[in-house]
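There are two complexes below, and they share chain A, which is joined by chain B in the first and by chain C in the second.
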Partner chain A sequence: MNHSALLDQISIVIADVLDIDKPVLGMETTAGSFEGWDSLAHISIVAQIESDFGLKFTLAELAEFSAVGNIVQAIERKRNGG
Partner chain B sequence: MSAISSSFTIPIDANLLLRKKKAIRRTLLTESGLLKKKIAILGGSTTAEIKDILEIFLLNSGIEPEFYESDFNQYYEEIMFENAALKAFSPDVVFIHTTQVNIRNFPSLSDNDDSVERKLTDEFNLLEGMWERLKAEYGCTIIQNNYELPFARPLGNLDFSDIHGKTHFVAALNQKMARYAQVNTNFLVHDIHYLSSWIGLEKWHNRKDWYSYKYALGLDCIPAFAQNLASILMAVFGKSKKALILDLDNTLWGGVIGDDGVHQIKIGTGSALAEAYTDFQTYVREMRDRGIILTVASKNDLQNAKDGFAHPDSTLRFDDFASFQANWDPKSSNIRKIALEVNIGLDSMVFVDDNPAERELVRQQVPEIVVPEVGDDIDKYIALLDKSGLFEATRISAEDRGRHQFYQQNVTRAEQSLQFHDYGEYLASLCMSAQILPFDTASLERVTQLINKTNQFNLTTRRYTLSEVGSVIESRSHVALHGRLSDKFGDNGLITAVIGNIVADVLYIDLWVMSCRVLKRGMEFAVFDELVRRAIGLGVKTISGEYLKTAKNGMVSVLYRDLGFEKVSGAEGADSRWTYSVPSDYKGKNSYIKVNYES
Partner chain C sequence: MAVKRFSLDDQSAFADLSHDYNPIHVDPVIARRLIYGQPVVHGVNALLWALSLLAKQLARPTLISDLSCSFIKPIVLEIDTAADITLTAPGKAELRIRQYGNLIARFKLEYLDAGVLSQAGFSTPWPSGASILQRNPEDVSGESMATRAGSLELFLNCAEVDCIYGPDLLTVFGQGQIAEIIALTRLVGMHVPGLNSLFTEIKLKRSSWVELRVLQYRVTDFDSRFQQATIACRSPSFESTLKAFLRPRLIRQAGYADIQAKTARLDVGSHRALVIGGSRGIGEVTAKVLAAGGADVLITYSKGREDAEAVVEDVRSHGGKARAIQCDVLGSIDAALSDFAAFKPTHVYFFATPYIFNGQKDTFSYTKLQSFLGFYIQAFDKIVQALLAVGTINFFHPSTVAIEEMPAAMGEYTVAKAAVEAYCQWLSRNRPQLNIYVPRLPRIATDQTVSILSVDNNDSIIITEYISTFLAESKTNV
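Here is the complex of A and B:
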């Protein structure tokens, strides 16, 4: 499946929260890949993704978000009603 | 800059602040003239996001905070035990971020009346112990959250009335905090009990943010929390707003008085709209009663505008306003006229107008002023101003409660001054009398308020906390005087303070402030006479004064020259130091004020 549209939306969030130019993301990009992406910024990034995509992650999902791919998959699952 | 300042609309855009905080912070830090303050945040749960958002609120209001953060949930230990790091940090303010997750002694169902009471006392003693220790050890201002309502009520509705209920316990504990705050002026309550209810407990008690990150409130509540907390800090640092500038048509009443006539405007109880405008007028009047200066800037014929307040159902009256500009000039020029008339800075004023074009024009032409985005729906106005925190105070003093009278008297004075050709004749006609006395504990609060709120007649803009002013009273090497002024129109209250520090035979004036209410009345000469009289008594040969320039205190840049000082360094109109050799046969400079030196 092509994730580029989702990755692009997520990269806008990351750019805003970290105050950096829009980064290039892959499914394997891990939290902490860019300067300033610490545990605090991670919380903000996840919260902003929830607000942009109009969804709420579960407690279990939040614990799994070590790579961007996990986030993308969680969004897709929710969109497919999973 | 405009993109960033528009991040701070009132009401706030919580999500924008959370999302762009780094960019906003970066931009705000480029502003010059920021006031540096040290704030220690001692948390009973995670505080990182609170600190970040609080910082941008403070920066936006001209304060550059330096923070100290306690280790996670170590607020109690860091306060109660030896803490070299906090001591070295030397905070201006300590903020204790506790919530009901930090309550250690909630009752259990096996408790009886006595044991519940004991638990309440134990819990409160823990709090009081911290406050007393902070006062003794750090002498700083203390702010602490009260307690919000609990997340769950195992007892259901009984939780409120049963002695075992958490809701019941929280209410009792909050009441004890309120009583402590009433008698301890260095202690201020951050009322999250109200804030969380206003936002909604369901949103506040976000379990995911608690389990995942140990935030005791939902992340999306943090901007409102930080705004509310920042407003207390603004009050502590003398940055709260002082005046409201109000439009009339469709702001203080419904309809256009010039077109509709006074009997057709919507005010009173005749319709839903009329009731909403009456409620807004009532709220504005309550602001007046607590010391906020009311003014009008309206595009109207003066007589029509005045007639609106003669309407039998109008809560506000024409003489409630300290300045009344009803004409067809641009609002920006009327606003500048108001600032001159009431003698306060443009950045101490808030402009309320239902017309979006006027709001935008004023924002562009008078960038210092705050213009809330009130919209055109009158039923939103009260909540919007009320939650803005713009007018926060640390105390409401007798001076605050009587302020509108001072301004009413000033209008009468101004009318009278027109009858005189000679300003001296006018001053003489006022029959002024003053009391100039050393600081005493009774006036401590008002003196501190004056020191921290005065911006124009302020030679050094040094700020003193209540405890610092208190220690000046005790000191033998200080000469500290305050003055009251009254005249035939009324009492202006305590309006000036000066603090000097004696080293050998030199008196250094550390601070000198005077309220904008009594400028150009010659009171500075009366104060200086008394300062010199006391200085001579203490063997002082020289008085040394300093002028430190700010954006607002230009009016006193040559005060020392006018008092006969010689300039020793710096230039006139810039930071400068001045010296005065006290002549043994000093002749008083005051000629219009009868001074009483006894209390």
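Here is the complex of A and C:
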């Protein structure tokens, strides 16, 4: 799955959690771009991504999730055995 | 769309109905020190309100086959709370709760309406109250969370339900279903996670009827990264899965003896220090640091009398000088001003503040700005004017690094603090005899900065560095 497909899947999660239309995401998109993306929403988004992709992020990875691109890279690392 | 404002009386009524007496919902004094800085509505109370509105539309006995609830943000009191209901398809509805136009809670419901009156449990009368009334929530640690399991008796006071929500809720959804849903908030708020809970999700499905008089529960997962428990439940009609956080515990500041032992002693033996808002947080630490340096300290509190008395007791029991008086800086302040003037403080430290994390990313509220300004400028100005008359000239009024960082959801707070800086500059220009110190404080670990996600907060003892700078610049009234 390439960046664009991952971004698309993440955008579906964000739309569902934040109850908004499916957003157009870039690697630089941050939580600050969305009104409802606070700490509780962040946890819900992460948990849903973990469930959808069948993986679990470490605390160190979670701490780096300042932009959507960080999430994409963490998913790719995990899928590549990182 | 329906609109209501939840009040503290509504909270008490729902607590009596559900027996969920968690202080974050019903105790304004304790709740002011918890994560939302104020009491918030029980999520299940909002759910039942929304269901009562849906009941008016359905107007026939209805079985819930599937219910998904997301409690997204806290529902605060005395704010217009809007509920809108969308019938998305036959037998399906979505209910949304909003404050300030922002989504606070979302409920997705699937339901059946045929032959329900004969459904087991729909109209079964339940005991109207619990055999044991428990008012104090259990304090469950993260370590013991994963092993928690048990059962809660089911009961329902129908007269109280009718009084709170009107008769349609029970007529349409029946006693059994409502009793089973209400038990969920009691489970989370009082037992698991109990005292430090934050209820975020219900996923409930109709299951084959079982002859139970209880709600059975078992923690199936505890995610230590987020301190989040997943709880599986079984009641007569439903299988449900709940998610709830173990929210951060109350922030306790360092004790006087600790401060004495670990910080450099300030040379303030001749000072009379007035600490406005000294019962907790940075004000509490400031009071202890100054008392440890020998100052005679007068602290004020607004609502937290017990907190203030604990600070005073801590200081006095170790030989320091401190006392406390009540002062609501937005209320009738004249009596307190007389006490302040009689005390003739050499230095004033101003930490009175409302809850600061109440903003929205895309909405600027003039009402919230006015509230901040009422504390930071109006009240401070009254105190300055009153104390100038008795010769007080040294004032510590904290600003914030938020002015540089500009957090997205703290617009009103940040603008108010910028106004504080401008006001203090203006004051200094016109009253050159004054020494007003307005440092931009970093994020410091207090009740106000606690968060579900771990954040980098400075230890509150860092305030000592700012006090030292203030004291170095202090003036002596001649």
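Operating definition for what follows: the second predicted complex is superposed on the first by the 80 of 82 C-alpha atoms of A that agree within 3 Å, B and C clash if a C-alpha of one lies under 4 Å from a C-alpha of the other, contacts with A are read in each partner's own complex, and residues count from 1 in each chain.
The rule is simple: contacts are C-beta pairs under 8 Å (C-beta built on N, C-alpha and C of every residue); 3 or more make two chains touch, one makes a residue touch a chain.
Owing to the predicted nature of the structure, the values given are computational and were not obtained by experimental measurement.
Judged by the touch definition given at the top, the superposed model places A:59 against both chain B and chain C. In the superposed model, A:51 lies in contact with chain B only, and not with chain C. By the document's definition of touching, of the two partners only chain C reaches A:32; chain B does not.
Shared-chain residue A:40: touches chain B and chain C both.
By the touch criterion defined above, A:19 reaches both chain B and chain C.
Taken together, the two complexes place residues 18-19, 36, 40, 43-44, 47, 59, 62 of chain A in contact with chain B and also with chain C.
Across the complex, chain B meets chain A through its residues 15, 18-23, 26, 48-49, 52, 208, 211-213, 219-220.
Residues of chain A touching chain C in their complex: 18-19, 32, 34-36, 38-44, 47, 57, 59, 62. Considering their complex, residues 70, 72-73, 96, 102-103, 106, 200, 223, 225-226, 228, 360-362, 408-409, 451-453 of chain C touch chain A. By the touch criterion stated above, chain A contacts chain B in their complex at residues 13, 16-19, 36, 40, 43-44, 47-48, 51, 56, 59, 62-63.
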